[in-house]
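Two complexes follow with chain A in common, the first pairing it with chain B and the second with chain C.
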Partner chain A sequence: MQVQVKLFAFFREGRFKEEGRELADNTMVGQVVDDLGIDREEVGVLMINSRHCQFETVLQQNDILAIFPVIGGG
Partner chain B sequence: MPEKIFRVNMTDLSTSIEAVPDNWSGLGGRGLTSTIVAAEVPPTCHPLGPNNKLIFAPGLLSGTAAANSGRISCGAKSPLTGTIKEANAGGTSAQIMAKMGCKALIIEGQPQGDSWYSLRLTPEGASIEKEEKLIGKGNFAVVEAIGQRLSESVGLMSIGQAGEMQMAAANISVKDPDGHLRSCGRGGLGAVMGSKKIKFISLDAAGGKVEIADMEKFRAANKTFAKALVDHPVSQALGTYGTNVLVNIINEAGGLPTRNFSKGQFDGHEQISGETMHDLIVERGGKPKHNCHKGCVINCSQIYNDSAGNFKTSGFEYESIWAMGADCAVDNLDKIAEMDHILDDIGMDSIETAVTFGVAMEGGMLKFGDSDEMIRILKDEVAQGTPLGRIIGSGAGNVGKIYGVTRVPVVKNQAIPAYDPRAIKGIGITYATSTQGADHTMGYTIATEILSVGGKADPLSKEGQVELSRNLQIATAAIDSTGMCLFIAFAALDNATCLPALIDMINARFGINLTGADVTNLGMNILKTEHNFNLAAGFTNKDDRLPEFFALEPIPPHNAVWDFSGEEIDTFWNF
Partner chain C sequence: MVEKSELLQFLRGRTENDILSLADQREAASRFNCSLRDIEEIALSHSILPRRYQRNGLDPVRQLLLFHAKVAIIGCGGLGGRVSDLLARMGVGSLFLTDPDTFNETNLNRQNFCTTETLGRYKVEVVAQELKKINPILNVTMTKGRFSEPSVSVADLIVDGLDSIGDRHHLSQLCKKHSRPLIHAAVNKWYGQIGIEQLDTELISQLFPLETQALTAPHVLSPTVALLAAMQAAEVGKLILGQDSPLTAAWLHCDLLNCEYTLF
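Take a look at the complex of A and B:
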């Protein structure tokens, strides 16, 4: 299945801003994070289609997955 | 030296020094400004008349070596909202004021005639001088002139043309260590200073120092505290991308108010994002990291240069960039930086002014995205005080009325900032119930709802949001009294050593024994003091509501509406 992956802040360094990826059915979010070489400890927020999700959430065809480090402001 | 209250009466141009009353001795920052306003300002007075008072107070730890303790609080009755108001800023003034032993400066009365004045604060007290040369000038000209007239190292708080003209969006600028500006931004406090005919206040501690009751204990606690701040990943991201790191995540969450709050996502988000800003700053030889006061270990400010490599602006914040950017459909960061610089110079709140432009665009005064016309209006109309300029300077609520717009994002007439309350509901409770009109900093639920700091809450659900906002508003009122930057809250929410170390520092500074419960009670008392002032000024629970359009117009992409009932909102005050 096809999933769009977006990275933010320093997760972009040496990787990409946005990329389409072909994934096996039933792939979990955490698997994508691991495959990108991102330390799970550094992940602050995960969203699928603008809703927060977990490492264990199973991706669906055409999902947009956004991966953020721990960030804040205000 | 023992702390004192400096009082300045602008009616008879007299000054005095008073002992600190016992019931004010444990207070600082917002806790003190709000207590003094509540005690001395008639709630129904005109905010620009002789009965309003303008109060400045450093925090409990300002002037010490405590990390991030350089915030100065400014309080009065607000000409924008009609409520009590406290706005705080970094810069050097809080530390200098604390070092001269001034616990609070109270400015009261109003001079007759057209003369303008300045105030000079030293350990000997306040003095009033006539000012002519700098009247009509912007804040940057004031900083430069006072640097030459007195010294580069004096503290300085000033108003630009907007404050002189008593515009409801006028702010008070505070000089930072490099001669750039921070702002007591919200609620029109610059207009109150203008109504007292004070162009600027200079501060010189003349070598004074803050006394610490138990220096050993203080140093140990500060070490723990600073480590908690430095170690937190949010602090590290703030030092790299500034607060503007939020553009992309709030956009992704569907809560970035766009085109005057008609959508929750902005097509141009990437162009105005913190990531883009960081790369531009580095490419142009600016500084991604900059501190607004000595002792800050987070460094969320920055030096943003123009394309020729010359200084353009600093303290370039998410809220300002969102407001001039997404809310006005402007996707050019250099145009936004140009406006940020002009707003610093003429002394206006970047949130109120830009949200006002968004409403003006909705009403047809200018087109969405027309940043050149925004810049022209700021320079040729607002700074010159033309009728159109004064309309823009009067805030979003007024412009909505003048143009017959129903989508006017204000609470208690103060512009709603950078998080849509339909898509991020907890912050809507903060906007509705804040004692100061819509203000995200009063109870920053975004930490929990979006950033997963200090727990998690579903931003599209109502569950637990009133309690979340209440707890954060109580904690914030207490933090705002310490002189601490609010960004210590990220570490405080996640690291169990942070808050106890902060309390240990206060105890070591004064030789007292506050507990965590005392600090919570302090926060609750401040909120109640402020709320009671508003009730006496004529506000009711019906003012604790969001504008109707939030319930009527679903916001994409979630197509969510604001669905809290008045009764649900009113439970906020059950404490």
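Take a look at the complex of A and C:
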């Protein structure tokens, strides 16, 4: 299935802003994060089609997945 | 006890187009044995605007709303220090500052009240002292320590200037318990986020789903912190003045590197 992945803030460094990915059916969000070499501990917001989701959420055909790092400084 | 009608007559005699200078406010305070704060309240209540607020472009009624507002600044570092400065200049009348730390050299890159002369001093002490120089009518209350329930219940609005996720969850819970809007912002490198959490909305738990997540000391550039602090101060002002904001229903992701500002 085809999924569009959007990265935000410093997750773009050395990766991409937006990229289409061909994924196996039933792929979970966490698997995409791991494949991108992103440490799950650094992840803040995860969204599919502008709705909050979790590492365990299963992706569907044509989903748009957005991955944000935790931004926590003050 | 001040003879109010006499004082008011004095103030009216000194106004020019309903504008009152600082020098005349000082003279009135001295002559009628009251504080500059008293003078400001009486002036604003009678449609007289201190000149310092002339360029705000707000009428005395709205300026009086700011004067009566009580805002808690939880964390007085990069965000909190600058928010305090901006609110003091706008004319917010009471600020409650909470921070346990002293200024150190790593704060010099972005914290407006951290200078080579204030290193080693408690942040709340320095901020309070400098704010009073900016606006002497300001009522500043300091807490040299971690925030607790009274830090929240004492104010109308709460500004998040924290830098730890666990603390943000705790602050969010206290704000909900006391029905106080929480004006959240956070920064890292060229990136920031801002949003407002109210009793019936979830923001902190969405932005920080893992409560126990430990942050390594973030890298923060001064323009990022200044921008997000300015946005926080604007949101505080809007809430006090009854202006609607999209940030009560969505949060804004700010990317200064790519000039992308996106509401989610």
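FYI, the second predicted complex is superposed on the first by the 71 of 74 C-alpha atoms of A that agree within 3 Å, B and C clash if a C-alpha of one lies under 4 Å from a C-alpha of the other, contacts with A are read in each partner's own complex, and residues count from 1 in each chain.
Criterion: contacts are C-beta pairs under 8 Å (C-beta built on N, C-alpha and C of every residue); 3 or more make two chains touch, one makes a residue touch a chain.
Just so we're clear, the structure is a prediction, and the values are computed from it rather than from any experiment.
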Chain A as common anchor, with chain B and chain C clashing or fitting: clash
Touching partner for A:44 - first (chain B), second (chain C), both, neither: both
Partner chain in contact with A:54 - chain B first, chain C second, else both or neither: second
Touched partner set for A:19, first chain B, second chain C, both or neither: neither
Touching partner for A:6 - first (chain B), second (chain C), both, neither: first
Which superposed partner A:34 touches (first chain B, second chain C, both, neither): neither
Touched partner set for A:73, first chain B, second chain C, both or neither: both
Superposition clash, chain B against chain C - the stretch among 133-141, 241-249, 331-339 or 385-393 that is involved: 241-249
Residues of chain A contacting chain B in one complex and chain C in the other: 8-10, 17, 44-45, 47, 50, 52, 68-74
Residues of chain C that touch chain A when the two form their complex: 75, 77-80, 160-165, 168, 185-193, 206-210, 213-215, 218-220, 225, 253, 255, 258, 264
Residues of chain B touching chain A in the complex: 233-234, 237-238, 240-246, 248-249, 252-254, 270, 274-275, 300, 318-319, 440-441, 444, 446-447, 450-453, 456, 458-460, 486-487, 490, 557-558
Complex contacts: residues of chain A adjacent to chain C: 8-10, 17, 41, 44-47, 50, 52, 54, 68-74
Residues of chain A that touch chain B when the two form their complex: 6, 8-10, 12, 17, 42, 44-45, 47, 50-52, 66, 68-74
